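One chain, chain A, links the two complexes that follow: it is found with chain B in the first and with chain C in the second.
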Partner chain A sequence: MNELREKRGMGLKASRTISNTIIYILLVLMSIIWLIPFVCIVLQSFRVESTWQVGYVVPKQWGVDNYIALWNSDFKTWYLNTFIIALVVSALQTVIVLCMSYTLSRFRFKIRDGLMRFMLILGMFPGMLSMIILYRVLKDLGLTQANAVPGLILVYVASSGMGYYVSKGFFDTIPKSLDEAARVDGATRAQVLTKIILPLAKPIVIYTILTAFMGPWGDFVFAKYVSFGTSSGMNVAVGMWNWLTPDMINQRYTMFCAGGVIDALPVAILFMCLQKYYVEGVTGGAVKG
Partner chain B sequence: MKRVITLLLALMMVFALAACGGKANNGGSGKSELAGTYDITVWCPDNEVELRKEMIEEFNKSNTDGITFNATVENVGEGDAATQMITDVEAGADLYNFASDQFARLVQANALAKLGTQAAETVKSGNGEAAVAAVTIGGEMYAYPLTDNGFFMYYDKSVIPEDAVGSMDKIIEACEKAQKYLAFNAGDGWYLSSYFFGAGCVSQWSTDKDGHWNINDDFNSDKGLIAMKGLNKLQSSPYFLSKSGAAEFDAGAAVVMSGLWDYSAAKDILGDNLGAAPLPSFTVDGQDYTLKPFMGYKFIGVKTQTDATKAAALHKLAQYLTSEEAQMKRFETLGWAPVNVNAAASDAVKANPVVAADMEQQKNCTAQGQVNDGWWNLAAALGATAKETDDEETLKAALATYEEGLEKLKNLREGLLFVGAWNGWNNADDADTYVFTGDGDEKTLTIDVPESDYMGGRIVNIGSWESDKGFAQVTTGADLIKDLGADNPDNNIVFAEAGTYTVTINTASNEITIVKG
Partner chain C sequence: MKKYSDMEFLRLSKGQKFLYKLLRFFASIPGAIGSLFLAIGRFFKDLGLRIGQEFREIVTTFTGGDWKTKTSYFVMGFGSIARGQVLRGVLFLVFEIVFIFYMVVAGGHWMSMLPSLGKVGPHEEYSQVLDAYTTVYGDNSFKILLYGVLTVFFIVAFLYTWRLNVKQNRISEDLIRSGHRLKSGKDDLRSLVDEQFYKTLLALPLMGILIFTVMPIIFMILVAFTNYDGTHDGYNNALFGWAGLKNFNTMLSWSGGGNVYSATFGEVLTWTLIWAFFATFTNYFLGVFVAMMINKKGIRLKKVWRTILVMTIAIPQFISLLYVSKMFAKNGIVNGLLLDLGWINQAIDFWGSTAHNALLPRVMVIVINIWIGIPYLMLIATGILMNIPADLYESARIDGANPWQQFTKITLPYMLFITGPYLLTSFTSNMNNFNVIYLLTGGAPINASASSAAGSVGYTDLLITWLFKITTGAGAQYYMASVIGILVFVVVAVISLVVYNVLPSIKNEEDFQ
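The block that comes next holds the complex of A and B.
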């Protein structure tokens, strides 16, 4: 009996080892394929012997010339613009989305269902459709070109209320009896949100902040329209795009790579720190209570 | 709620008011009527920005009219200028660089101001005929030539011997011997058309002020077949690379066909080994044909202005920026080939082998007209077929397909239609529509007008409903149509009774003749 169990145990162990090995080899291969472009960009950004595209990956001479050149170019302005936009938008959008979700999750008012349905339909129209009219409105308000930053913030924040789905789903899973208990103890509605719901919904708050930060961080199409050829109003994506002309690419290729690295840094760092909450947030919102 | 709306409206008004600031201060009791300070926006490519700022400063100091420009110079490349300008002319730059392929579009969008008599004279006296023709549409000039925009051959002197430079066959032979590549972008119509022009084909493009273009093209011919064979021969070499760009020198190429924008990179890579020459000749069936590339220009344009003094001052600046001295300065600092005849003939330019090769190439080139966007894909398809096969029938079939495509393009473009209530106001090129036909200015069509309540129609360009040709332009046959007066705001032609009519329109004078039967 003992022998038999041992044999079977070894067989199980062996087969698990084999399947694990295969899975890990596969995962390693996939991650290599995924990481190659990023590694290339990082390596190219440290290449100083030439500034154009070359047929090899590892630089022959290493240096930080490209980063210094970035510092001396308009890149600083673009970076600051992108940062301000993303920061302000993530703050405002988080407040709006959380209030919206709380309201729709906990309050029962007359047009609640109608409102939700209306927003669902509105959300089906591609945002690009409104681009021209938005440009026109922003231009008449004087919020284009050099003033593109407040203009873009306005546009990104204006539609944020409609992104309530995930966090409302999460709020729905928090038992209502908690609210009721707090209300009995004399808490106001606002206190219920800040003192009861939000501490319980930490992952979803962080998820909301993250997504709100990333949207404007990588935007190109609308940002290009609104900045309209004015360097001081551009974000990183639009500004660097101007380097990709046949005239300029030979002088700017490695600088472009360096810009890409710097541009990716904050998002990468944010993700590394908050990864745990992010996954919880995405899956947490999906549970229906 | 009301309070919120009031607040919003108030905010909007504040913004709107803020948007009205920043108008040009045109006060100043200067020496001439142009004297004053002007706020302007200038677009030029990244590498020219610093130089442009310097030049405007110099202009401010040296001009005798008392003009001072307070300029914001932004980096907008020549390739992107038209797209940006056309999006919003009002917000666009007052003075900007653009490449010649965007010329017609910009004129149509009213984004280019006409040159005055004096400015036009300056451009005519300073530039060659081809450059002047390139800035002229419908007898009017609209821009200032800045530099040329064409390509020629860069090569590695250590690989390609001096006596091989003139012949594609010998160049490929030398490349194969050294196991180095020849880079020629045979997937791009702009480059590969040099084979066709070299073989003697023509593809002449012209556009009038209204944006109607015309083409005279004979690629589908025996000469075209020669070009196809040449392209096949080139692309079948194992040492052929379908790319352009000096960076290829770093990736094993010994020859790169490219333009002056690659000058500094090519020089950095090859150093003293850098050679430059006009494009070589290719050999088909024992006969030599010299490649003849498209040559375009880059221009400086002035945006149409509401303020006439500002416009005049801007034209002064544009002339200064394209003057012989300015072009020489650009040649020295940026390596841009001058187009000004005096500057082009100067010793300094001739002494630079690369720029000299570009200038030499200018003598054997095809002026790039207002090529329709759809053409590039048609031409690129030719290169792709020539890569696959040397079978004569297939090559001929590809040329026939090309011509068909061109015809389709033409049909999309022109053709006056008669759209009417009885054919459902059909304005697309369809079997149901009435298309005017005929050579020259006189175009004719016959229509059957069935009995109905409203027997009206108008003459439009295909795909459009806008028309300036209708009732008011009818010179003969006015008795056959109804005069509805104020009830006819769209200038429609409304027939008095059903029947068959022959309508003739003179596209030059826009006179319409209507004959019954």
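The block that comes next holds the complex of A and C.
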């Protein structure tokens, strides 16, 4: 009897070891697949011998020529544009999103349900459709091409109220009894928000700031539309997209790699530092919706 | 079809159960659509009743009200000011003055032009000063449509405010009659940070949504009924005007005019749905699988594996997607490596330049989308997996369930239940996944059979990238883009409604226990 149990235990242990080994192999393979593009892009950004696309990864001649060329190109302007846009948008958008989500989570007013349903329906229209008219309106206001930065900020911020789902999901999880207790003690609704809810909602505030920063940092379509043809109004994504068009790629391929590294570094570092909050936001709010 | 009771259902075999559920699903679709129409009908009936009631109330307020109330029908806010609520009254009055001023100066003009969208286009005119013919610009159809829509918005807002003003008088009268004190301006302001704090909080965001989301959408819906395109831009080259349902007929071709667009539309829509299906479910199941691997007991370095995957979320998509797309180019790294290893003799054309290998690019975008999407799903799944009560597994193990059974009986139903709504939204957002397609392939390879439709449609083009292509360049056909946009909305709305009405797990949170 004892022997049998031991044998069974051994079998279980052995099968667990085997399955764990398989999992480790799979995980290592996956890690390689997921990291290869990033390793390649870093390696190729240090390639000196040629600027076009080649079939090998490790440079034959190392150097920082591409980064110097980047410094002497319009990349600086694009980078500054992107940075300003992302910074301003993340600040304003966070305020707007928090206002929306807190209100829809805490207040019960007459048009609330209708409003939420209406925004759900609005969200089913492809946002790209609005670009044509927004572009023409911005153009009439003089906020395109060279002045694309304020125009882009305006449009990003103005329509950001629609993205309230995630943080509303989070606010819903904060017990309402806290609000009521504070109200009994004589706090106004505004004080409840600033003194009680916001300190508790730190993870979701950081999540909102982070996503609001990363959105415009990588935005491509609308920025391309608005800055059309004028280098000084472009952001990094639009400018570097042009470098990979067929007639530019042979001169700019390695510069694209260098630019990619410079562009990705700050967001990647920011993201890695705040990863905890991002995960909390995604798992807490995103699914509940 | 026959409906089984619970006991009968339990007695069925596995295959029968599945078949039964599937049949029930499809059998309930007509019902769902029917109830949708019923709901729409009910909505309009309620709306009619509401409007009738409002009118009756407006009349009775007038006949039953005192002279202050009666004057307020013409001078908004008069009643409020006369009863001591100066702040409210002044706001009403200012709004009325602004409205009348706007309508006289500009609004009336835009409204009168709206039916024609402009009468005088750009034309040559003899100029005596220059002694030559110069181009003189006339009306601007774009502005007429835009300001016309804004004016309609304004009129609706005015009517609503006017109604509010009337209602205000009635409430005040009732309050005074029953001996209550009216709220002062100070009280009004205080309530904006207290009971009515929501109005303060929502004012700015909703204003932004109204101007930058609602207004453009209404405008673009209207554009679908015009002939606004690159050669009729409304000002510089020619006016544009109303075209009725002509554009919808071109796209769906229900009567005459060939079926160039409808064939292309069908093809692109099919691929969009296939893409959305695979993009959603491959990511979903593989993401859950990866999350389970990482979270398995006894696996070390959990944080390291997670961080490596999460890198792809942190790097801006345009860098990773553009770079990966170039890696698989004909002279890219992947082909170079395969050639060096001697596994292939000539470079593989992953992005397919000709029609006969359209399948490969399609598979490629789905596979690369897995690379993009798994980390995100892994995070979501990790959060949910940790929330599954451990005692469920405990009792399953005691009952002798093997890991596979535990997965299919506990993990998967739980996941599907929690993430049902998420799956739906991720399906619809994949239908509109512009970035992945545009940055990877740009829609290539070109679909030669669709060449007579605008926008040089390719085999990997989704409806959304097609829409984008149509709106750029000299041959831009904005009206066609609008038609596509409206059709995308219809498809998304129908899918969402049917799924929401048919899947019980989404509606009843108590079902899963």
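Quick notes on this structure:
Heads up, the rule we're going with is that the second predicted complex is superposed on the first by the 268 of 289 C-alpha atoms of A that agree within 3 Å, B and C clash if a C-alpha of one lies under 4 Å from a C-alpha of the other, contacts with A are read in each partner's own complex, and residues count from 1 in each chain.
The working rule: a contact is a pair of C-beta atoms (placed from the backbone, for glycine too) under 8 Å apart; a residue touches a chain by one contact, two chains touch by 3 or more.
All of these numbers come straight from a predicted model, not from anything done at the bench.
When the shared chain is aligned, no partner comes close enough to touch A:Met255: not chain B, not chain C. Looking at the shared chain after the overlay, A:Pro126 reaches chain C, while chain B stays out of its contact range. Of the two partner chains placed by superposition, A:Ile209 touches none, neither chain B nor chain C.
Legend: residue contacts after superposition of the two complexes on their common chain; A:Tyr24 is shown touching chain C, with no touch to chain B.
When the two structures are aligned on the shared chain, A:Ile197 is found in touch with neither chain B nor chain C. If you count the residues of chain A touched by chain B and by chain C, you find the higher number for C.
Look at A:Leu141: by the touch rule set out above, it reaches chain B but stays clear of chain C. In the superposition on chain A, contact is made by A:Gly161 with chain C only, not with chain B. In the superposed model, A:Gly229 makes contact with chain B only, not with chain C. Of the two partner chains placed by the overlay, only chain B lies in contact with A:Ser50; chain C stays clear of it.
Chain A residues 53-55, 225, 249, 253 lie at the interface with chain B in one structure and with chain C in the other. Listing the residues of chain A that touch chain C in their complex gives 16, 20, 23-24, 26-27, 30-31, 33-35, 37-38, 40-41, 53-57, 96, 99-100, 102-103, 107, 109, 115, 119, 121-122, 124-134, 136-137, 154-155, 157-162, 188-190, 193, 214, 217-218, 220-221, 225, 237, 240-241, 244, 249, 253, 256-257, 260, 263-264, 267-268, 271-272, 275, 278-279, 282-284, 286-287, 289.
Those residues of chain B that touch chain A in the complex are listed here as 12, 15-16, 18-19, 41, 43, 45-47, 72, 74-80, 84, 87-88, 91-93, 245-247, 250-252, 261-262, 264-265, 268-269. Chain C meets chain A in the complex at residues 142, 146, 193-195, 197-198, 200-202, 204-206, 208-209, 211-214, 216-217, 219-220, 223, 290, 293-294, 296, 298-299, 305, 307-320, 322-324, 326-327, 329, 331-333, 335-337, 339-340, 371, 375-376, 379-380, 382-384, 418-419, 421-422, 425, 428, 432, 434-435, 438-439, 463-464, 467-468, 471-472, 478, 481-482, 485, 488-489, 492-493, 496.
By the touch criterion given at the top, residues 50-55, 74, 135, 139-145, 225, 228-231, 242-243, 245-253 of chain A touch chain B in their complex.
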